[in-house]
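Multiple structures follow.
In the two complexes below, chain A is the common chain; its partner is chain B in one and chain C in the other.
Up next is the complex of A and B:
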């Protein structure tokens, strides 16, 4: 038995296993969200179905929830009732949908079947989505009354996450 | 009638029992009971057959949409096309481990057949190690990653497999090839354990190990290249390799196995470098397990990652035990395996192979370090870093350049120390060829690519010259002596399949190297936004936007842009890149349109369609010599098959003689 090989080899094995074991529980795809606590990029966009355009300036003064969605995305349909319930519960918070990569007609057909209590705006060319770093739908941005981005949720929004975030924003502002 | 889930579970349990019994049969063989050989072989057959049945049952359940089976409920869908339903066997974690079991079963069956009835001292430990690996995987399939769990209530439909895997036909063959490589490393590993534990390493066993290593090496090579091709055809960024942790994980065992294939030739011929070669083979297997750990533990971020699962820690324990066993075996035998013949001088092929091995080892460490560095850094400093392409490219390019040049050098220098004057005349002509290729490349592509590109092409030219010269040399010399014609020379080349195959593999690698160097250095890219009937020009191409449409299929909705492409005045035809929206996925998956020629590819991916505004945004990429990579891959696989076929003919000749 070559003791040197045994010793050095075993030490390397132990180090490797310890290193890999240390990685458990880590979320490797977690990327720091660079827009965190930054002022949201201004926008002024047409409403789906007509009416006055909606702008970031007009939203300021009250917290806002901005939800990027489309009709072809199943998680968006899953979170639809959660957002509706949220908008009904928090009348002091403004909810706005942004149509992402979809036809306005398709969105209107969807909203006729499953109506929404808050407006959706159109984002032709996806410029607002680019400004907000949207990678896919659904993504939901929570803004405080000053128009700063407090939190982003990628994927279907849960009722718990909505309540927790909105309560936190309202708690800070009161 | 039994439900499929019950029958599948029984088949897996039967395999597990066969493998467990096989471990004992192997140990009985070690303790000197020759009768145990027949039992070990029977266990191997039972394991293989059990796995074939289990996989057959799962395929049947997938095709018939039997949603009472857990895995089918997880990845099946009535709207998925049949071809993708069949391949969804390996589209998710549990199914992929079951599929692993199938490939392992097939390798075990092949090994059992190759063993024959001759007793060899290494067989006992080989069977023990091989069945230990089988026990581990059968246990995973039966327990932690069980795909046959019963679902109640039975859902009416399922979500379908991962959309990324449904997008291209290459996805049907890339994973099985890679698995053929990964799983196949178990066999040379077990045979090496057999040799080290029994202390018997004769030339015949070494030849068998080398053959057992060559098969998975070929699968791994083909799997890696097909993965690159898939990435190129599907992901829409015009690249084929991104140093993603899981790509690296497949590349690491390829590097060590390639090194082992070379050093094993020195071992075979001279009996030298034995401990070194065997260590490389052990490492190749352990690196495949590390790679599997990376994709299935949730520790590394990658497009290949399966969802986080409890089998990560189990794999880590298996990896730890495998590494420890390997270290103990090498430490135990290393002093007995010392060189029984010294190597040739600096101008011999031994030295060239040694240099080759050192470069491959440096390459392995470079890639391994870059891959695990984020983990290391986070463990020590809690800071999150990522190691990107610049590090890998900076390190890999010089190492690759050295390996390319060595390919020609190694082929030219003889096993015994070379006569410097003969070598000088051979090399000076090849240097001339290399220089000419380098200068031509520089002249064609311009000077902005720096000195690295022409150097790489010069090295490739140098090695191609020497490889082809060496391929024809023995035949030409014989022809000169005996007055044979060119036809005889060619027949002679085809007969020496192992030698010819090896050089053909090298030519394939050189084609790939030129393809990679050129396409990555001279790639041009531009974004365009156009309205209907508008056109855009780029790098000699003109693209006209004809319109768009929606393509609604049962399992996805595609948004397609119709474009016409022209190169100068020549019409290249319609190109229709698309974005596919799958109901279960947030981001759309693109399918770029690619117009391929030997000289360059025109690659168009769809970024965005604004249907209301009638505008389309596309990314146009012009990439020279990409097709050389796939062409080189084909040449390489052909060469590998030539090498494998020689062993068969040799065995047949031996049998005929007997």
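Up next is the complex of A and C:
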């Protein structure tokens, strides 16, 4: 009897410890990325500052980097020069910013101080962000020439991550 | 009169072609989510109420354990707006759940679906309660009363200790019981 109780008790404790270990090993605030290799959701949105709208269809044919950002987000400001340098270096890749939860005027003021070599589109209501499974800013999506999502980087994009991903996409498409 | 009629037809034709051109250019919901199952659009006021109800079961992507309907965050409001768009376009609750699961994984659901390994989550509490009830009942029926005392004594007697002092004590106890 005692041995049986000990065995059952130990099994319960072991199961509980395994469950807790699995749970504590995971970041609860981390949103899983399930759009890997999925076709990107179509969009067609107005540019910040006017001009022709930008659509996913128009981006297809060349790899694209879509960056969700806002002026109230500090990591977005940190990664801004990385994206600018990337857009300057990789002319065959289309870089597009998506303004997330922010006023267009605030974005324009920011871009006057720190100009951008690529366009930003407006996402009123944040529908595109939901379509892309965005869970905060900054988030950067890398698309191949067919419009498939190759990778997502949540948080400030590093130069190394940008170079590595873009080179991989360009390497595959060439 | 004839000229007015022609003008009216021209205006109608222009409006129709402009709308058609816009509809062709901007991706509609069917392009994003697929065809709606119901096909009947919901009234905006009803979509707002129904959307809030459905949003209660979906996790806010930027909050800790809050639903989309309970969070005042920008992301939650955008998601709630998307739910209302889908309801007004005739999508079902199951399709809306699928839309979020396709983008955020099952993480988006506050209550995991009762399927596959998720059954463990649903059944484990019931199993634990049943096991607990069994253990308590067993200890109540066997743990109190004279029979259990005897059985404990018998069990302890059955175990022969190797210590000579304990053997002596046991022998004295057996003698007393006689």
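Annotations for the structure displayed:
Here is the rule we use: the second predicted complex is superposed on the first by the 142 of 174 C-alpha atoms of A that agree within 3 Å, B and C clash if a C-alpha of one lies under 4 Å from a C-alpha of the other, contacts with A are read in each partner's own complex, and residues count from 1 in each chain.
Everything below uses one rule, namely that a contact is a pair of C-beta atoms (placed from the backbone, for glycine too) under 8 Å apart; a residue touches a chain by one contact, two chains touch by 3 or more.
This one's a predicted model, so the numbers in the text were calculated from it and none came from an experiment.
In the superposed model, A:107 lies in contact with neither chain B nor chain C.
When the two structures are aligned on the shared chain, A:13 is found in touch with chain B, with no touch to chain C.
In the superposed pair of complexes, A:34 makes contact with chain C only, with no contact to chain B. In the superposition on chain A, contact is made by A:136 with both chain B and chain C.
Within the superposed three-chain model, A:127 lies in touch with chain C and out of touch with chain B [touch as defined at top]. Of the two partner chains placed around the shared chain by superposition, chain C is the only one that A:55 touches, whereas chain B remains out of contact. Of the two partner chains placed by superposition, A:66 touches none, neither chain B nor chain C.
In the superposition on chain A, A:150 contacts neither chain B nor chain C. Between chain B and chain C, it is B that contacts the larger number of residues in chain A. Residues 28-29, 32, 101, 125-126, 135-136 of chain A contact both chain B in one complex and chain C in the other.
By the touch criterion stated above, chain A contacts chain C in their complex at residues 28-29, 31-32, 34-35, 41-44, 53, 55-56, 100-101, 125-127, 129-136. Note for the complex: chain B touches chain A at residues 293, 297-301, 305, 312-313, 316, 319-320, 323-324, 326-328, 330-332, 334-335, 372, 374-376, 378-379, 384, 557, 581, 583-588, 608-613, 615, 617. Residues of chain A that touch chain B in their complex: 1-3, 5-6, 9-10, 12-13, 16-17, 19-24, 26-29, 32, 72-75, 101, 103-104, 122, 124-126, 135-138, 154-155. Against chain A, in their complex, chain C makes its touches with residues 25-27, 31-32, 61-62, 64, 74-75, 77-79, 81-82, 85, 101-105, 107.
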